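Lettered A, B, C and D in written order, each chain numbered from 1.
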Amino acid sequence: LSGPAAVAADGALQRAMDELLHRAVPPTPVYELREKTPAPAESQCADFVSFYGGLAEVGQRAELLGRLAQGFGVDHGQVAEQSAGVLQLRQQPREAAVLLQAEDRLRFALVPRYRGLFHHISKLDGGVRFLVQLRADLLEAQALKLVEGPHVREMNGVLKGMLSEWFSSGFLNLERVTWHSPCEVLQKISESEAVHPVKNWMDMKRRVGPYRRCYFSSHCSTPGEPLVVLHVALTSDISNNIQAIVKECPPSETEERNRIAAAIFYSISLTQQGLQGVELGTFLIKRVVKELQREFPHLEAFSSLSPIPGFTKWLLGLLSSQTKDHGRNELFTDLECKDITEATGGPTHETLKILLSSSEWVKSEKLVHALQAPLMRLCAWYLYGEKHRGYALNPVANFHLQNGAVLWRINWMADSSPKGLAGSCGLMVNYRYYLEETGANSTTYLGTKSIKASEQVLSLVAQFQKNSKL
Amino acid sequence: LSGPAAVAADGALQRAMDELLHRAVPPTPVYELREKTPAPAESQCADFVSFYGGLAEVGQRAELLGRLAQGFGVDHGQVAEQSAGVLQLRQQPREAAVLLQAEDRLRFALVPRYRGLFHHISKLDGGVRFLVQLRADLLEAQALKLVEGPHVREMNGVLKGMLSEWFSSGFLNLERVTWHSPCEVLQKISESEAVHPVKNWMDMKRRVGPYRRCYFSSHCSTPGEPLVVLHVALTSDISNNIQAIVKECPPSETEERNRIAAAIFYSISLTQQGLQGVELGTFLIKRVVKELQREFPHLEAFSSLSPIPGFTKWLLGLLSSQTKDHGRNELFTDLECKDITEATGGPTHETLKILLSSSEWVKSEKLVHALQAPLMRLCAWYLYGEKHRGYALNPVANFHLQNGAVLWRINWMADSSPKGLAGSCGLMVNYRYYLEETGANSTTYLGTKSIKASEQVLSLVAQFQKNSKL
Amino acid sequence: LSGPAAVAADGALQRAMDELLHRAVPPTPVYELREKTPAPAESQCADFVSFYGGLAEVGQRAELLGRLAQGFGVDHGQVAEQSAGVLQLRQQPREAAVLLQAEDRLRFALVPRYRGLFHHISKLDGGVRFLVQLRADLLEAQALKLVEGPHVREMNGVLKGMLSEWFSSGFLNLERVTWHSPCEVLQKISESEAVHPVKNWMDMKRRVGPYRRCYFSSHCSTPGEPLVVLHVALTSDISNNIQAIVKECPPSETEERNRIAAAIFYSISLTQQGLQGVELGTFLIKRVVKELQREFPHLEAFSSLSPIPGFTKWLLGLLSSQTKDHGRNELFTDLECKDITEATGGPTHETLKILLSSSEWVKSEKLVHALQAPLMRLCAWYLYGEKHRGYALNPVANFHLQNGAVLWRINWMADSSPKGLAGSCGLMVNYRYYLEETGANSTTYLGTKSIKASEQVLSLVAQFQKNSKL
Amino acid sequence: LSGPAAVAADGALQRAMDELLHRAVPPTPVYELREKTPAPAESQCADFVSFYGGLAEVGQRAELLGRLAQGFGVDHGQVAEQSAGVLQLRQQPREAAVLLQAEDRLRFALVPRYRGLFHHISKLDGGVRFLVQLRADLLEAQALKLVEGPHVREMNGVLKGMLSEWFSSGFLNLERVTWHSPCEVLQKISESEAVHPVKNWMDMKRRVGPYRRCYFSSHCSTPGEPLVVLHVALTSDISNNIQAIVKECPPSETEERNRIAAAIFYSISLTQQGLQGVELGTFLIKRVVKELQREFPHLEAFSSLSPIPGFTKWLLGLLSSQTKDHGRNELFTDLECKDITEATGGPTHETLKILLSSSEWVKSEKLVHALQAPLMRLCAWYLYGEKHRGYALNPVANFHLQNGAVLWRINWMADSSPKGLAGSCGLMVNYRYYLEETGANSTTYLGTKSIKASEQVLSLVAQFQKNSKL
């Protein structure tokens, strides 16, 4: 449809939405009857669920959610009235009971009306799962700028709060995946593997076989349904190369315990985007560490081997800005420039941009050698020095640092897959978990925003700073 | 201990309590950092749990809870400040985002500080179970008047709200109990049977055997742990006698489906008092009805066979007040008075009070006959006419009426056990569930407080009213 | 019924039996078609099962089994014919294939026809269970002399052989019973406890609680169904008193591993008499020992604490025979006689017989003291010296000695329950399992019939022999 | 190794084998002690198991098995002696007990000594599984002519008899495979699919998805381990094409019961060759039929859609023999010959042989058309008329006919896969199970060897006979 017909259809849909919302969103009861109000009929909420499910396009869903957020939030008049009541009691003190009730009325007025809808949906069969999907849609719609504004942000916050309560760690189970697990679970895990994609079933079998562990969290109401998945390699030392983990076969079919000294978290993936921000990953890592310590009391080292998404893009941006600013060169030393130019046979920045974009640079041994020192240095700075609101800009770094890990080692040619070259010039990083210190590290990072890093990283950062006039 | 030593010991304990609370209750973060504040160390909350667990006496626990409620609630100054902020925006309108954030700050200020403690405890292993017990203690302490006041009531409300979220019906499982269930479960159910106590194991075996069903709800995080238990008898018509259910053996070892036309809910018990008010019973009945309909699609009648706790006490009170008011007689007709006097050989009210208190009256066939009509009438009134805040005074009646059942039939000599005679002069009542109408009935009862009753009951009520000058 | 009517009825029943057997027992196929003969219709075997099930009286069942054994055994003519064939080949040698086939024909001829019936029944749902019950009936009928003769003994042997194949240890599971086990299992175990009867459910709970273990074997086709049950107490040293195990409460609710140094097998019971002679007990003890070693690697001592059924009876017999033989006294020393006479105040043997029969003797402290030495001595001889076909007469002794245990310690006043006093004058015995030596002990006992005993036992035996002129 | 060194090594191995056998095979006890002989030490049998497991080559295994069969069978002298004893009693009758014991001694003497070894191995952990593998090796060695002779055949018979007892239907479980089954099970089933190979995991997913059922039998001691696997398609009528089942997607994700009227067994595979002849397939089909009838009470038709292995080979043989016998033509009518020659452009038989061998013929529409009638006719004869010892030559036909199925319909172009064209010129056949008649059909076929076939088949056979002068 296009033109007037589409507009008319659109108008009809919007009217249907408004009708639905007025029918389905339960009215806020008066304060006195808040405990005596019967739940709305199941069909009322189920109506919303099926209407929403019938909206195939993300735009239509966004439209409905926007209307819900805008039209069924807090009654600001009520809030103001109750606020005034509280303030008045402040000036004319009475007994505590009166103040506490006034505050409770105010608290009650501050609950958005749509929260009642979500609350009742959560009690339906499959209701919580529906709300997780709804939030995933909302996040997608926000990312696509299909909906915007403070009301939508508030609704997202309300949903996140509710989900955080329901997916509280007390209700999460840790499940281990092996080749004896149901095919359905292995298929889901295989499909949700975002970091190092699974090629085929033998590839998957290896990731749950000897010298490997695969765990997931599930909610106790839906056992067997992965929410967040963690892959671990059991190795003799802290790995610096991902292909050795996901490609090569383990040394033997039966694990020899004395060959295992380190646990490498090489992939963590959220399977349901609607649960972003609910802290599932942190919890899973903590539980897995406990589980591994129980199984291997002698394990010494716990570390991630993590991708550095965004590094190549950041680097290309840097090269561009410097190119414009021709003449300046703050990224490479003169000697490095010379080596690079020799290897590429063209003007450093321009050629580099092309070669880095296409991952062609790895084909030249010379160039690879010439780039190692500067890229390591730049990457250290990217992870350590680039910030967003004071915290690490790189989201993976921010995740592990919040958990209390240390920015431990940057690894050259650690992921030579096309994805690894494209995303981070083949570099990867270990965030190491010193179990005794994660609590303190986490508090420090969150409080003071200062990043704890190893000698290697700090030395690379110092080289960068010395070199750079940024 | 007594005297000054006890006082000193008490003082030491109270100081220890204050120290604990200041250490264990996490401070409220500033609004801006609310998402970036790391969780307190597990040990901090675990401290509270173990300190509390070490308090053996209910009085000491009450003391601690009272101090927590009083000293770690809402910061009223903050609330007033944020209220003022909201009000000011009301007068000088700005864009929506500003108002919404002001409201969110206010909402944040209205969260009592102890909520953070409860929140973090809930994430510990066994934490939710601890909080259920804590609320049970709090309710007991309130009942015993060991703690009082609005702060404690508020804290109870906060706990109830949190528990309602966690024990939401989406997270509850329905489990059936049979003789194949673990002994531990059967022992728990046997011990928690509050309505018709279980004598021994063969008694229990019968209650889970043929023509009987026993179900419970459990939380998905603790499968196998009964929260609320429902016993059902499968009969050919709506039962009017409890001994036929809990004493007599079923007609045969294998159920004949065509002998089953009614499902009688003859006992429902909450096993954990800390979950009072969380609506587990209502949910359980709904689920069991569905389950039974699935198993026996031809089932026609669903009804309770319920006790009438408090009826004898209410009746004795009535007799007393009438005795004082000598000369008046509004409970019995003249003919009834004559029959009763003949049967007892003494002044009606005084003798009746003695005989009813001791359950001795059932030994006289004559008296039993003489009392049937008036007691049926009085009981109908007790259930239908006696109110608390407009709703049925009798808590069992109120429960079933809220669920949408109908006050269907009052049964004479329905429970001749000592407990039944002592509590309700042997009377029991059926609350019948007409499945098509429960939703509407529930809404009506909760909204207008009017009770739906059968012809039999209404007729008895009318007789009462005709007779009484109350 | 009695007289002619009963005879007639009997005649009718016997005709019905014969008809059934001819219908239900499949004919032996000719040798050449033995692999091509289709199985009889399921209904044919099911007929036998239901007919048999309909025989309520043990006598009727015995009658049917007798007819089956007698009338449907081996075809002796066929056996003779094939034997002759084999012998002829012996005289006129031909190639191996001819001899082997002749032997195979002979082997085939030696299979009783009823084996085919049992074989096909075993394939029915519940068929093996039926055959176990059938053999139990057969054993009971033999014990009651309701059936006799070589044909019945042969059929018992055939059944035992088949059951031994089916209940081979490769198909048995070891299951542990705890208070979490299904009530049905605990009820069965409670009812089948033959050695130290279970009083009530709290008694049962103790036997599966801390410092106790209860295991059973089940067949893999019927998990959860106990075949043979073993109760174990975990103690600090080898127990000499059964009441300390079955009556007293364990030291604490949680087991302290360092208080556990010995495993005492204090009861082993076969739940299904049809499995007598199938070696389930031996297997169960072996598996439990392995299981306990896995759980408690430091366990030092494994021993039974066993009853001595038949000792009192044997002793009374001895007293009687000596009484007849008046004047002789080979059971007690003169000093002992004097002490006993003093304590009883009557002629030694006569009075003793009365007091031992009635267990009255334990009421006299003096008599108890006087009897300790002689009864210990006599009991040692009863266990060590009394034989049946060269093996220990006492069946419990024979069981443990076959398993390779050592006759280790005789315990005075070890079972003061009425059952213990009546059966063995309160004496009990430990058969100790030295795990390194059980294999060798078993072979020695079975081969040479010599019993391995401890110093204590051998010394008591020597005292007996010195004293006795038997 | 080759030459003298290999011979020497061979000699050493053979000596090691003999030593092992004398050590590991338990001696036959004397008759009187047969019940009192303790089991050999576990290590004795375990020795055999590990020695055997260490023999990597099939030839070495065959050698060991040959020596076991030859050297540890029946003691022919004993058999002769006991036979003589039985015959003597025949001539000089004594009481039954004497004869029965003599027969029992004879029976005992007829048990080969190696049976004791197998018996004890069966009790080891994993022992039965070992024996299944051992028999698989034995069958393979026989097929490869690595071992021969009556002793080996006898041992195979003994093993088959023992396995038949252990894998009796009373001990088999029916398990259904779905996408929720463990990956390991699905991988095993995928790998053991002999009839229509599984391409990849999505292929496998379809075979356990909607409108499909996959079942297997497992032994109760090893649940989850498939012994024999049956694939079923649920269709609206009896399928005549296998690609429609294994290639095409089902009509919808959720099964509509009213679209299901037929169950097509399209693949049955034994996963363990050592269980050949143990009748697992027949049992599985019976159980699956019951299961399907329970799930779909309205199911009307049960039928296989079966391959015809050997048909192409048989046909090529026929063509060859006729070619030699030139001039004769008994396979095709003159008209058919003309059409074929026209389509191929060469001499009928020679060209046909080439085209049929290479499956090239299907590329010519004309030829396909010309061959349909004669190949249908020839195939009908192949299945119906070609015999081995009187039973159907084709093993699949023989299997289903023994089960009581009817030779129902021959289907043209039913399997156009390379395997289908190569094996049976694309033809497939339905064996239909009329549930009421399978028992009678099975008995008839096994007894009289006559094949029950449909009109279609009989008519094709008649055409063949009319045409052929064979």
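Going forward, a contact is a pair of C-beta atoms (placed from the backbone, for glycine too) under 8 Å apart; a residue touches a chain by one contact, two chains touch by 3 or more.
The shown structure was predicted, so the numbers you read here are calculated from the model rather than taken from an experiment.
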Starting from the defined contact criterion, work out which chains touch chain B and chain D both, please. A, C
Going only through chains that touch each other, how many steps at minimum separate chain B from chain C? 1
Using mean CA coordinates as chain centres, what's the gap between chain A and chain B in Å? 43
Distance from the mean Cα position of chain D to that of chain A, given in whole angstrom: 55
Chain-centre distance (mean CA atoms) for chain A and chain C, in whole Å, is 66
Multi-partner residues of chain B (each touching 2 or more other chains): none
Graph of touching chains, which shape: line, ring, star, complete, other? ring
When you check every pair of chains, which ones turn out to touch? A-B, A-D, B-C, C-D
Sites on chain A touched by chain B in the complex: 36-38, 41, 74, 76, 79-80, 83-84, 86-87, 90, 95-97, 99-101, 103-104, 106-107, 110, 122-125, 127-128, 149-151, 153-154, 157, 162, 165-166, 168-171, 219-221, 402, 439, 442-443, 446-447
Under the stated contact criterion, what part of chain D meets chain A in this complex? 179-184, 186-187, 200-201, 205
